[in-house]
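Next up: some structures, all given as structure tokens.
Same chain, two partners: chain A is paired with chain B first, then with chain C.
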Partner chain A sequence: MTDTPERVLVQVRDLKKHFPIRRGVLRRQVGAVQAVDGLTFDIHEGETLGLVGESGSGKSTTGRALLRLVRPTAGSVAFDGDELSSLGAEALRARRREMQMIFQDPYASLNPRMTIGAIVREPLDIHEIGDAAGRDRRVDELLERVGLSRAARDRYPHEFSGGQRQRIGIARALSTEPRFIVADEAISALDVSIQAQIVNLLQDLADELGLTYLFIAHDLTMVRHISDRVAVMYLGRIVELGTRDDVFERPLHPYTRALLDAVPIPDPTAEARRPPALGGEVPSPADPPSGCRFHPRCPLATDLCRTKDPHTREAGGTARPHRVACHHATQPE
Partner chain B sequence: MSAPAESPVLEVRGLITRFHTDRGVVNAVNGISYTLAPGEALALVGESGSGKTVAALSVLGLVPPPGSVEEGEVLLHGENLLDLPDRAWRDVRGRRVAMIFQDPLTSLNPVLTVGRQMTEMLRHHLDLGRDAAERRSVELLERVGIPDAARRLRDYPHQLSGGQRQRVMIAMALSCEPDVLIADEPTTALDVTVQAQIVDLVKELRADLGMAVLWITHDLAVVAGLVDRVAVMYAGRIVEIAPVARLYASPRHPYTRGLLRSMPAFRGSTGSRLESIEGAPPDLTLTFASCPFAPRCPLAEDRCHEELPPLQSTGAGSASACWRWGSVEP
Partner chain C sequence: MSERTVVPRPGVWLRLRRHRLAVLSLGIFALLTVACLAAPLIAPYEFDTIDLASVREPPSSAHWMGTDDLGRDLMTRVLYGGRVSILIGVLAAVLGTGLGALIGSLAGYFGGRLESVLMRLTDIAFAIPTLPLLIVLASYTQAAILSMALIIGFLSWMTTARVVRGEVLSLKQMTYVEAARSIGAGHGRIIGRHILPNVVGPIVVGATLAVGNAIILESSLSFLGLGVQPPVPTWGNMLMDAQATMATKPWLTVFPGFAILLVVLAVNFIGDGLQDALDPTARES
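Moving on to the complex of A and B:
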């Protein structure tokens, strides 16, 4: 969207989130689900970073940890230079205005007993932004901006279709004039023809308001369309990160390649050439494989991969660094 | 449409299925007709509320109340299933026409092991003894690519992954070597690499066993490499049906074109904006005297708002329900 965003808005260093597994009468901890296990990356002001991965990859937990909707086990998240874990309650609340989330299921995230006007207005009330008349004006502006009529104000969520509900969720997220929005599978539950409407709206808003997005999705086609850079997660780790073109056109990690090969294409000729699917399934994040976590499914795996966890290294990159965590990743063919 | 060379294994004629609900009559399926040749794979593609799932359930007499099939015929080898007494249905379902669903957990019994469920079904349908049924179960699980099959028989459904559960459902569906497999969004809940595995498996099994496949989906991409023909549904009707290559290369209905255009390209350049279809699908409690897609259609003219277009041949085994099909650009 913007040409070369330079300023780091969100800085993530060695972020971990482990969920304890407890058993027995004493609820003793017997293990941990390593949902997110050591992530380091930056999100630049004005860019859209796509975060892709399959179930158990930790992509949703990552989004929540960035907004401190879950408390990280270790590591740091800094927003515009402020380390979030060191902020007091009041300062964190002020920062929260600038960071919002759009959820997958707009219906589950909208209170069915509140009118649309009250839902969109609520964050303004909580953060005490403007006076009563100002808040009402702002609600009207927001509804209009996301393509809903002012008449929507006095109606309830069940009166709207899935696509319209997602517009309401977006209006609510925009109400506090955030700079950073985490969109967690924001279009996955919508029909194809409606997905395009919502993606176009998100892109228009980014252009107009200079928003920064973390766009979390399992649909690689849509991620390719909307993202400036893309991070690929597997079992709690980022295995590859680079510009959209580097990751999609010149993938380095064998998992990224398998993931891209698996994407169905609406073209029978292209489908006939699709290579056979990667075997196996994602192992449990409670008991990740030794060494490289992808080695049991990897066509390139050697003894080294079974024993030694690969470091993330820079492997070229056209406009920005292209990072990969693999012992064997070579330059693309 | 050109008649298939062989007589069809399944022929649906003028199917109408309605739901009588508190808020009125929902016209879920509004008179659809299609044929399925032996060994052929046909996709029924549509968005939510298009009637695709009800159309599939209607074939097997599984429409839940307050819905029912009110008109039409479902001919399996020429015999109208809708005339069958309830007892005879049991012989059709599972044995001659099998179905797999989006969520296998709702079709598997959570308190019985996989082995118990498979062997009971085999003994019932194929009249096998206990040992023979167990041996056959292991063979079937191996056939669908489940490693360590004999041990998996002792597992309960929740102990398997989503992909493995779908493989178990496919194994059970294949056990009686049905003439027709109906697959209702079987890969929608799966991760993309596992989806690719299941699609590969169904392709391979279809080639080996020569069964016909009716694949229900919202995703035009998934079926592009899987089926011979595609039927696109909108508001309970088939609005376009065509051989797979032709449908993607030159759609003859503005809705099909819109669906294809609203998906971003996965290869080549990335456009800055997606072409979306404005508006939303219609309320199915309405009945249509004009084209149901007209309010969203960029090509709509007066006639489209006045007369309901019938599904008419556009040549080469294709048909479109659009007055302006000749003006649809690829």
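Moving on to the complex of A and C:
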């Protein structure tokens, strides 16, 4: 962490994304899946914000809404001061140069009919960066930077392994020299041995190029390894947000504690003494529980939790504010 | 590491060449086309020379494929007929398939009201019976090869449109399409570079089938008087003329029929080979 004043690169205010549920011949809307329901947070220039949560908590939708790959239902996302929803189609396209995405499935995210060279070069073609020879040079450079040989250029995606394909996806995301990258479960589909390689590559790139990441994952070990700050999502809301050390060492929200307790411990005796895992399932985001959304699964739940939705409040924090949305959150010890 | 061993990737043409049947078919198709184009040079007679002394003769050394009702040499007529049939077949197939692919991909990609309008239009075009429409058209248009190819093309785009729309609907959900959007690709680039190349399979199949259909449809048009007018032969109108005598004078049906079969088969095999050659993930056999 540096002492320079923090510059906010991505500012998210009360972001909501509801997907309508339509039924019947008339396609009347009968409800909505509240995938993301009121998020407020900042991502500072140069930091890596980890975003964790179970499947269905709205992590991916958040990442997509930040890049405006889905249109938010309400709220605002500002990138470097520019409100994205106010940009016209052309201005938004131009802005995409600065914000890129790395996708979860390295098999589905590369067009099988395009050569690796064409895939990595495409962003340069779209944004008309450099001349033809310059773009070719840049493609070679990028491939080498992510650890592939230049010979990969004329080959097709199916000739590569998952880890190599993910490197290709990273090269594509880097080609336009973006400032902000959303890594959406970028390592979840890879073998464990490859995951570390990719995470290290992402980290080296961040240090070298001053990148800002939103690192979406459900593997807490990797998030802890790469993140400066961590946000925990549950059913479309952020329930806890703080520095990595605050969240991992001094978790405040019972959900965060449950998640941390669920991380396997590589020691059989300690593993046996682990507290029981979180029971139940994530309720449907189309019909979230009343009050605090976590109350049906929460060991601390009281009547207050069943009726009143907890506000996000600041609860100390060492280097940075530590925010939590819980009636009963207490500083441990 | 596989990426270290530098093997030059075979291009489309090289991969097509591995497909033996496709290469053979390409040869046959080329030979037929050249022979038909060169008909005035290689045909033994004039296509409209009537010889009433030798009417409906079976194949002989003087007339390799026999003669028709008016004593005209059948081989000459098959060669001349191919000029019209092949041209119309290929032109109409390209036109119909292109139109179908365009309409199908627009409907599938953009969805919403545009899709409703385009697909209802497709349903309507499907529902219109071909024959009455042809009769109406026949009374308004002059018979010319180009206008016939246009008409046949406009009558045969619907199947392709439906198939392509279905494919596009599923392809636009692919992550690489989202990836293209995320790097700032516009609609044209996404359709042209990310979606359509992945639909070539059904499009090529549609196009090859359309060649045969167009050749047959042209014969119906000729029969109605909209097609190419006698005495200029086409494979279609030769078949039509021979209908009544199919049992007694089989050569009148067999030779033009065989010519159509040969072209349709060849085009199908070419399409087959092309489909594999265009797909980089296809196994090399």
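FYI, the second predicted complex is superposed on the first by the 328 of 333 C-alpha atoms of A that agree within 3 Å, B and C clash if a C-alpha of one lies under 4 Å from a C-alpha of the other, contacts with A are read in each partner's own complex, and residues count from 1 in each chain.
Here is the rule we go by: a contact is a pair of C-beta atoms (placed from the backbone, for glycine too) under 8 Å apart; a residue touches a chain by one contact, two chains touch by 3 or more.
If you're wondering where the values come from, they're calculated on a predicted model, not measured in any experiment.
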Is A:Arg145 touching the first partner chain B, the second partner chain C, both, or neither of them?
neither
Check whether A:Ser55 is in contact with chain B, with chain C, with both or with neither, and answer first, second, both or neither.
first
Just to be sure I read the superposition right, which of the two partners does A:Asn200 touch: chain B = first, chain C = second, or both, or neither?
first
Could you look at A:Arg313 and tell me whether it touches chain B, chain C, both or neither (first, second, both, neither)?
neither
In the superposed arrangement, does A:Ile126 touch chain B (first), chain C (second), both or neither?
second
Doubly contacted residues of chain A, that is, touched by chain B and again by chain C:
164
Per the touch rule above, chain B residues touching chain A in the complex are 47-48, 161-164, 191-197, 199-200, 218-222, 224-226, 244-245, 248, 258-260, 262-267, 270-278, 280-281
Per the touch rule, the chain C residues reaching chain A in their complex are 1-4, 6, 8-9, 174-176, 178-186, 189, 193-194, 197-198, 278-281
Complex contact set, residues of chain A against chain B:
54-55, 161-164, 191-197, 199-200, 203, 218, 220-222, 224-225, 244, 258-259, 261-272, 274, 276-279, 281-282
Which part of chain A faces chain C closely enough to touch in the complex?
67, 69, 93-94, 96-97, 100-101, 103-105, 108-115, 122-123, 126-127, 148-149, 151-152, 154-156, 158-160, 164, 169, 172, 176
